[in-house]
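Listed below are the structures to be examined.
Here come two complexes built around chain A, the first alongside chain B, the second alongside chain C.
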Partner chain A sequence: MMQKILAPLTLALVMLFLIGPFAIIVAASFSAGDTLAFPPQGFSLKWIAKVFTVESFRQSFAMSLFLAIGGTIAALILGIPASYAMARYRLPGAETVRFMVSLPIIVPGIIVGLALLRYFVIPIGLSITLALFLAHTALILPYAVRVVSASLANLRSDMEEAAVLLGASRLGAFFSVVLPNIRGGILSAFILGFVTSFNQVPVSLFLSGPGVRTLPIDMLGYMEIVFDPSVAALSSLLAFLSIGIVFLAERFLGFSRYV
Partner chain B sequence: MSDASFLLLDGLTLAYGKTTAVEGLNLSIRRGELVALLGPSGCGKTTTMRAIAGLMPVKSGRIVLDGRDITRTPANRREVGLVFQSYALFPHLTVFENVAFGLRLKGMSGKPLEDRVLTAIASVGLSPFANRKTPELSGGQQQRVALARSMVMEPKVLMLDEPLSNLDARLRLEMRTELQRVQKESGVTMIFVTHDQIEALALADRIVVMRNGAIEQIGTPEDIYNRPESAFVADFVGFENIFALKDGQLVTPGGTAPIADAPADAAALAWRPRAVALGNGPFSGVVRSSSFAGSAREYLLDTPLGPIKAEADAAHPAHDLGDTVSFGLPAATAATLRRFG
Partner chain C sequence: MFQNRAEAYALALPAAIFAAIVFLIPVGLLLSEGFRSAQGWTLSAFVDFFSQPLNQKVFLRTLKLGVMVTAAAAVIGYATAYAIVSLPPGAKGRMIGLVVLPLMISPVARTYAWIVILGRTGIVNQALMLVGLTDEPVRFLFTETAVFIGLLQLFLPLMIISLISALENLPKDAVPAARILGANWFQVFWKIILPLTREGLIVGGTLVFTGSLTAYITPAILGGSKVLMLETLLYQQVTVANNFVAASVIAFLLIVMSFSANILLRRIATARNRK
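And now, the complex of A and B:
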């Protein structure tokens, strides 16, 4: 009898804990008041409208978008051949490579950011944009390798041999037979990489500089000066964008199979 | 080039790293022949097939196909077809595109391509499925696609890896007929790899029995089935009672046993269960187990010669467990083996 009440109650509390903060932010973004507060004072869409008028948001959004898309593409260009080589050939040191590639997930972002700043940006004068791009590529690479490896593991190598016996070169077989069959994995890796990069804070925090900021860093900076609900509005918009992307991916690709 | 040695394997040695898989293999295959490579797993039959296809590097020796040394020719220029055990179809493509794959790489397109692909698909009876994706087809249909995909390239040699092992009994018979028909109509030289002696006996013109990376015996199905040369081959084709022969006597776990009319040049004699003369002969044994197999009854006897497998017509009255029965091993019904081992 107790269990009949306790179990749903526990579930409800956990759900509240998980979804609550998000619900508060969403509610706050529709506030009519001038400060970030909950419960919201009145209802309006003015803060949502304001998000689109802030110039620095527009710039940092473009920067974040560039890093997320560019970094993910770069990580896939590096990660797909690496995953393929590790899946198909018994390479000496493959385990070491696999470990090295997953380091950026394990090492705290603060350290990565500090190291990049101290030993790359400052001594060799690497531009901030390039440093951010390299850092994001490195951060996405582990996800790209993991997800692509998972879909390669399900792909039998005799398909490539069949293609070769029908006249294809090894490289031709890779493009005509392997790539189309790991398409789902690649798209999943893309989405995962995109979201990872877009939400990245600690590394970007170190590397951001005058005029070059990613969106989350810009939002932090904005909040230090202005405490109006526009940050909440922006957060809500981003959250819904992420949810939308993942929902579509799950719907059409079975995203959760790969992650 | 001669038709008698259309495909020649000359002293072929193959290895995985330091492990030798096939050593000094010599084999000559005629144009249009249907050859089975038969042997237990690990005997080197699949490795040999992969080497002919160019998927396995040759350590030493030569492969000559149609007068051309192809030992170092890359797999994509060998004109050799291979139907994989898993079929290895391209799951993202339709049946049509699977079959068209090789022709497109040759630069064919448009109407000529379409005609040839559709003819190939029709020849394996899959016309209604041309636009289906291959994962939607049954196993038997998938194999036909794989067959059409290889055959449309008009290979000089078509190889099949365990072509019947993934099919159920009814489809197996159907596919066997299909393969024989394809072979007859196209005249293609065909090599298939199998561990199943029944498949090899039913399908092949000639059987190559392999063991530990070497050829154990080559012969027609009749040769292999009736005249095995070694105990290994005899055992493989169902001779279950095998004894070495020494000074005209059978060597058994219980000492030597005399046998009348033993051939002088034999190293061993082998009897199928059916060839054991049950109820009639100098030996006796105790029935340890008996099982009914339709037209016959199979017995396992405990005898001074060791365990003996015998078979009697089911019309005869059955022997009970524990009964003592006499039996004979007539030299006339034995296979004469040249090697015991």
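And now, the complex of A and C:
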């Protein structure tokens, strides 16, 4: 009896705790008032519209987009061959390679950013954009290797061996047999890498300069100075963007099989 | 299995070399700074670091919040996961979807929401003043409570998901059988559910604990400089004090904690595969 009431009540409270704050942010971004508040004062789209007119948001959005797309492509270019070598070749030291590329997941991002700042940006004069690009690539690499390895493990290896026996070159077999068969995994890795990089804060904390910063860092700075609903509006827009991408990926790719 | 070793290395080494140059070497150098001095290798940076009351306080607070968030997530996680697992398949899928949903949203946005809720004019204060529990707004922001709530909301989904997969492997009749034989809910939990889902609890617990220890955004937004945790202290040491030695000590502490948790997780994973 007790359980009949307790279970739904627990679920309702926990869901309120998990989803409620997000709903409040969405509601606050439609406010007509000038300060961040809930319940929102009136209804307007002015804060949603304002997001698109703030110059620094536009710049940092472009930067985040560049890092997420460029970093994921670079991580895949490095990660696909490495996953293939570990899955299909007798590779002494495969465990060491796997460990090394998966390290960025274990080490807190703030440390990676600081290390790059201290040893690459300051002494060598590496540009901050390039440092950000390298850091985001390193951060995405573990996900790329994990997802691509999982989809390679599901692919029978005798197909490409047959292709090679029938006269295809090893490279030709890879491009005509393996790659088309793991494209779902590659796309899933791309989406996972994109979302991870786009939402990433700690790794980019120390890697920012005049006009060069990622969107979440820009938002952190903006909300310290301005207390209007524009950060709420931007947050809801970004959240719907991420949810939309993941939803489409799940719908069309069965994304969760790989992750 | 292809045997050509040169080919294998040509494929695998670019990724490994990239990780070494961008990651392993700079991070290693940074960590070594905490152990170096003009006279050679030394632990004096660690002694200095822990001799300052503020640093001790931040270190203990980080551990304390990590333990409290993990414990709260475990209690809430069990109740939630048990309720979700008992649902019919369709509703179960939707509930899991709702639990995963917040993980897709930027942590900045998720933490920012708490300012609206806990701020001076936030909903909680409005409600408290409406029912007359307080005449003046209560200060919630920049307290340990706010950081605790923010961290719990951020990492609870990881615990719930780990416990759901553990509870799904629980034999279906185990709980009803124990109930029929006269066990109360407390006994059912301690003698049946907990031992059979221990692995899920450890996996979820490790994720929540390391997540809380190494969080930056939540303590930065909800704690500010009043409630520093290790990562916000690290940031302050670099940007305000320009003290790279202290930063390196904090980095070492964070990495040691994160690594130990990861080794524990890996142990559990290999133990499970052997079964």
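To be clear about the criterion, the second predicted complex is superposed on the first by the 259 of 259 C-alpha atoms of A that agree within 3 Å, B and C clash if a C-alpha of one lies under 4 Å from a C-alpha of the other, contacts with A are read in each partner's own complex, and residues count from 1 in each chain.
To be clear about the criterion, a residue touches a chain if its C-beta (ideal position, glycine included) is under 8 Å from a C-beta of that chain, and two chains touch if they have at least 3 such contacts.
Note that the structure is a prediction, hence the values are computed from the model and not measured.
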{"item": "Three-chain arrangement built on chain A, chain B and chain C clash or fit", "value": "fit"}
{"item": "Contacts of A:118 with chain B and chain C, given as first, second, both or neither", "value": "second"}
{"item": "Contacts of A:11 with chain B and chain C, given as first, second, both or neither", "value": "second"}
{"item": "Touching partner for A:33 - first (chain B), second (chain C), both, neither", "value": "neither"}
{"item": "Chain B or chain C, by number of chain A residues touched", "value": "C"}
{"item": "Touching partner for A:159 - first (chain B), second (chain C), both, neither", "value": "first"}
{"item": "Contacts of A:209 with chain B and chain C, given as first, second, both or neither", "value": "neither"}
{"item": "Touched partner set for A:184, first chain B, second chain C, both or neither", "value": "neither"}
{"item": "First, second, both or neither for A:201, with chain B first and chain C second", "value": "second"}
{"item": "Degrees between the directions from chain A toward chain B and toward chain C, using C-alpha centres, nearest 10", "value": "100"}
{"item": "Touching partner for A:221 - first (chain B), second (chain C), both, neither", "value": "neither"}
{"item": "Minimum C-alpha separation between chain B and chain C after superposing on chain A, in Å", "value": "9"}
{"item": "Of all residues in chain A, those that touch chain C in their complex", "value": "7-8, 10-11, 14-15, 17-19, 21-22, 24-25, 28, 36-38, 78-79, 81-82, 84-86, 88-92, 94, 96-97, 100-101, 103-104, 106-108, 110-112, 114-116, 118-120, 134-135, 137-138, 141, 145, 157, 170, 195, 198-199, 201-202, 205-206, 216, 219-220, 223, 231-232, 235-236, 238-239, 242-243, 246"}
{"item": "Residue ranges of chain C touching chain A (in the complex, touch as defined)", "value": "1-5, 7-9, 11-16, 18-20, 22-27, 29-30, 76, 79-80, 82-84, 86, 95, 98-99, 101-102, 104-110, 112-117, 119, 121-123, 153, 156-157, 160, 214, 216-217, 220-221, 231, 234-235, 238, 244, 247, 251, 254-255, 258-259, 262"}
{"item": "Complex interface listing, chain A residues touching chain B", "value": "156, 158-159, 161-169, 172, 176-177, 180-181, 183"}
{"item": "Chain B residues touching chain A - in the complex, by the definition given at the top", "value": "53-55, 75-78, 80-82, 84, 86, 88-92, 101-102, 105-106, 146, 149-150, 153"}
